[in-house]
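Both complexes below contain subunit A, partnered by subunit B and then by subunit C.
Coming up: the complex of A and B.
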């Protein structure tokens, strides 16, 4: 195979790749154990390292389950989102029992009696232990339209015949809090995912351009990032959320909020990409690729980005909870999502008065999933960041 | 203690000696003033009470005579809430008693001839809180130097002082007699004087003259204007003499308590007026309580603060849903929470905006069948059960059974729950096209979605709207809620951007025939169902647009008929015709009324009725029940 003659000066080199098989062991033989490590792909190495971080692993599993659940929340929730029971207003959380007078039973709930306490103007719900109502599993309950395709009534868990199943109590209109939290996850979690995707694309593209080309492009982009990140967050969200037209359907508003959150969040990522690129582009293998005639798109996409993709993922993971928190904050302030869209923030917005804390504390339970999701994302991000540098 | 006792006794003796004729024989001096009286700073009580005081027989209304002394705490939101002391004090020329009769209060007596000649007799010896005599000069000052001074009142006298645009002839017959004469009846005059936010037709002339360029050397006044940092002497005059917002501690008043705190402040102390004109049958001058303290704070925390015992009497900023919380803390903090009735025409009402700018929508909301259908598709029983524990009545937006004008046909008009009839009405209108979700389409093909604008202030409104949403869905109407702030809300409604608004119903649900039925006719821009027609009426045709709907015009005609009526029967007839038309036409969609208002009362307070009507007008909240007759038993 004869090398092609050099092109005249100033012309681009042709992309040349040797066809001879590459033998990594041509100079030094490795033991089997060494071979396993040295020849493992980067992803494999990361997984090994990640597995050792138990907390991160548990968090990851938890998050996978949670995100999988939003696909089927109709099935998980015992009630529909808007199912109201005007006979069970401010119903306190109801326990599922297994034991009755020392005997094991099929999981059941006690029947409840309600009476109006005219003195306090409060409904009192008392357990009627003589009535044991078995909870139904894999059953048919409230009808819903599954994924907009077909009507179904299947639920994992349904209230017993003639009874109620309010695991986390009900709100001021008699709607099941557990079901609403399950449905709320669909909105609150997807906002994180969609928002981060938008900021991911923006961050990599813009940061990539700045880092690889440097010079004037870098200067302009750096200043742009500084301007965007110097805007105070909450007032800007408020302003942007306020210009969403009123007659937009709640679904469009939801999408609008997601885009707004995404549009403001890419700057950190773009900076990370830029600085990584600045150092990586000086590496020998980049020079090699350049000498081999690869164009810049190929160098960024094929040689540079995979070199720090793991870092990107870790950064993104840590950024997801900020999205979830931002949505919660906006909705809590009453400018984000609106009823009837139900997110955790919207649920918390309903709970913002001292009455709730004094009398109906279960209405602030949507805080719990927010805390867990934010913690889980942070632990997982932590694990991923460690794993991203497997040789350390 | 002994010394004060002696002082009081000797004062009593002095009082008996100096007392003028009549029953004012043995007045009891207030311990608070004992020192000031003995030092000569204040005259003794016998000289402070008018020669003919208003004697209130508390036993006759089931209450008891009390003792002097103590302090009453109340919680308020902002500084301008000091006006509540004028509302609660309720010293008016004429005022409503608990049976809604107009009785003379500051006036000794009044006569009305032909509904147009009003003769007022002041109480001889009545004084302002600074001791200066209260005479017809104070009426003259208001009429000539304020109402008819173009610098102070560029718009001329208040609307209720004009009949067909004509001002009254005002005669000052003596120091204590003043007469107002119009060419035609003015039935709104007396109720305006008795209002919670009253029409003031007098002002402390001796005090206000120092700020009036007609009475004061221009250079002196210029210095004062400069010091106060206002633009002109009229600004100063206004600022120093706000009778409905007694922020200026120097301004004399006729109310039971006068302000002693210079704003700005978070805490206002009101001290008893030594020259107040009401007395009990036991020789005590009202008010019993020496001091009222208003503490300003965040309104959302007021129920929590009140529940921890920081208020002695409180209903403002407390909502029905706070009741349970307040009740639970009762024993700990030694108060009782009472449930008074409210007297709004409807606790929450929907107002279809007949002046909305979108022509298609305007056509729909002006169709009475549309309004009736929407009203029929509200499940009021569910609202009553879920939100009010059933302690309300399902009703259209109209008067309550407590009103002598009430008729069951008003509250029942289109307020049953009848989905089928509602659907029939909408079908009749030709709204038969539907989309795939079953919602109706408007004639131009748009989705029939009613966007209800709210002021975003109460969860009660949003909860009720959320209960209405599914039942409107059953008639193919989609309900969307747009919440904003109060100013934005008003602007959207006034400009016609909004199709429907949610607010409380008629503010006066317990009217008598003598009170004005202005709320039922397009008379002011503040009315959310016809802001532009109201503005037209209010501005005398310079703003807004004229009424172009026969039914609304009919209401205006009936209103004019009420204004021209001279007998109570004629007035009642006009009232009832208006109520009938208004409810039949469903100009506002009512939900429930007669809801309860929690009133927190410290256990040491006496003479606060266990049951009452908590209403703005008539009533002035606590004013009608004479807050000055409340005393502290410690």
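Coming up: the complex of A and C.
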């Protein structure tokens, strides 16, 4: 507003009337960027914060892809789980080539020749570079029953006509390691998911009771947590796994092992739930809910748990790799899963002594996905933990 | 202080009792008992089984009593130093286990010390050079150690030790010392063989400790007193060692409690792969053959080792930080 010239003395001052409509909020108005933050829900804020942790984001994407892959492992694996080739026992990993004598080719593998080494009684495989066999993509190969509904033969990648495609070699029965690792993910990863679901439910229930009721219940549960967490996990898992009846079917053993892993791992979660509840139950909104007549189940479930669900998810994420590793260890020692159920640990069971590493080092390759999964869960857990409290 | 220690000891007793009940329950769970599998084994070999002899064994080993009675029998036996009888070896459990207990304790103790020695400087370095390449690199290596299954690392080291040095690193001592009594030469041999298992076991614990120490130090370094110290002209290093480091030491010691169960468990598996003379190989054998008193006593021993480890860390902590013993509670 420009200063108007003063009227001559003795006359009335003119009124200034602003023409713009009155806006009471004009000084407090937020910029658009600020408004976005203020109006965002808690979960949105967490997502923004999580996105900033690049390593965690990459890990999350990797894990999502991996877990999605277990739905279609029949299609991803070039061979079936139990497809044997008695002409390719302990076959070393085969490379896919693009270049042959300086020319670009469609991806191909070389043909192979084998001869028996009579001294070591071992097959030697050599590349026959004169034969170039193009790898087939989106093709039909081994027949499988998809999800138990219908038979199919479609694979993303198949061995060339008249040739083999053993990307990671074969085992002592001539089964493709790569396909077996792909199928193994199905078992190893579901153990993590089911196990953590069990311990999640146990942790929330037990920790919830301790934190909400306090007093005697809290005392007993505290003691219980202390006892369970001071038991050395692996020996106890060993003991519980070793006592699964011998006449159980492999599938039943799989569920048994999963439950055992879940049963001992809830203490960390229960402790987190308890301490959070102890601080949250003093809040006014809990009192309000109580006065309105909500029962304790509803207060815990509807009002308290959502308040720290993000922390729980972060805690649970960090606990998943423990289970994957534990399953691997048990199966490696031969007390975990039983064949024909195939997990990464069962595959590693073939690499029991160091002759294997000397002669067939590719048999320890199933450890690579184990390491990646454990690392990815750890990074993702880090990111989630940072993001769990977005208001900080 | 004395009062605190006594109190801490008293808390330990019910914990151990509950653990013993849990352990006994677990080893009693499988259907059948050792005698039944023993009889089945005799029968498959075509031998006749004298029912009177079986009845005698059943009575002798107390299988005709109820579970609760047997539990208390076992429990009171432990108080008198009698851990029961191993069916598999036909010897008292304490004779079967022998030196293995001490070697297990030695292995775990040395591993913890090793973990500290490695984790301490790395944690400090990482905290002082946050987000530097060194920090990232060391953190990553630590995590890699955490993610690699110990037993495979052991297997791979076993292989490379053989290829590069032509030595076998399995076992905890040279074969000629196995049934010898302790001597200087034997101790030396044990020390040499201890190196590889300790490194293998140390890899996973170190990663956890590094991350905790780093996070803790970073929290402390932002506090006002550090800023003040620096403003007064204290050198970076001195400003770190003088106060923040002492604060995070607390954490370092209380962490024994949390890494010990994992460490002992991992140790058992590595021991199986490297055929160390610790309790690991015995434990898995006894579990598979339902040699229940041996398995139970070993499990009980491992659990007590953790409980005592936590106790030691609590007492150390009380020495280090007077606030803890004044408030009187346990650290958990």
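Just so it is clear, the second predicted complex is superposed on the first by the 351 of 392 C-alpha atoms of A that agree within 3 Å, B and C clash if a C-alpha of one lies under 4 Å from a C-alpha of the other, contacts with A are read in each partner's own complex, and residues count from 1 in each chain.
Following the convention adopted for this analysis, contacts are C-beta pairs under 8 Å (C-beta built on N, C-alpha and C of every residue); 3 or more make two chains touch, one makes a residue touch a chain.
Keep in mind it's a predicted model, so treat the numbers as computed, not measured.
Chemist: Should subunit B and subunit C be called a clash or a fit once both complexes are overlaid on subunit A?
Modeler: Here subunit B and subunit C cannot both sit on subunit A without a clash.
Chemist: Contacts for A:116 in the overlay, against subunit B (first) and subunit C (second): which applies, first, second, both or neither?
Modeler: It touches subunit B, and subunit C stays clear.
Chemist: In the overlay, work out which of subunit B or subunit C sits against more residues of subunit A.
Modeler: C
Chemist: Touching A:302 in the superposition: subunit B (first), subunit C (second), both, neither?
Modeler: So A:302 meets neither subunit B nor subunit C here.
Chemist: Between subunit B and subunit C, whom does A:174 touch in the aligned arrangement: first, second, both, or neither?
Modeler: first
Chemist: Could you tell me if A:86 is touching subunit B, subunit C, both of them or neither one (first, second, both, neither)?
Modeler: First partner only.
Chemist: According to the stated criteria, A:145 is in contact with first (subunit B), second (subunit C), both, or neither; which is it?
Modeler: A:145 contacts neither subunit B nor subunit C.
Chemist: Which holds for A:370: it touches subunit B only (first), subunit C only (second), both, or neither?
Modeler: second
Chemist: Which partner chains sit in contact with A:354 here, subunit B, subunit C, both or neither? Use first/second/both/neither.
Modeler: In the superposition, A:354 touches subunit B and subunit C alike.
Chemist: Residue by residue on subunit A, keep only those touching subunit B in one complex and subunit C in the other, then list them.
Modeler: 353-354, 358
Chemist: Please name which positions on subunit A make contact with subunit B in the complex.
Modeler: 82, 84, 86, 89, 116, 119-122, 172-174, 246-247, 334, 338-340, 350, 353-355, 358-359
Chemist: Using the touch definition up top, name the residues of subunit B that touch subunit A in the complex.
Modeler: 300-301, 303-304, 321-325, 327-328, 382, 385-387, 389, 391, 449, 451, 456, 459, 462-463, 466-467, 469-470, 480-483
Chemist: Where on subunit A does subunit C make contact in their complex?
Modeler: Subunit A residues touching subunit C: 223, 226-227, 229-240, 242-243, 245, 321, 325, 328-329, 332-333, 335, 348, 351, 353-354, 357-358, 364, 367, 370-372, 374-375, 378.
Chemist: For subunit C, which residues are in contact with subunit A within the complex?
Modeler: Touching subunit A from subunit C are residues 14-15, 18-19, 22, 26-27, 29-31, 143-144, 146-149, 151-152, 155-156, 158-159, 162-163, 260-262, 264-266, 268-269, 272, 283-284, 287-288, 295, 298-299, 302-303, 305-307, 310, 332.
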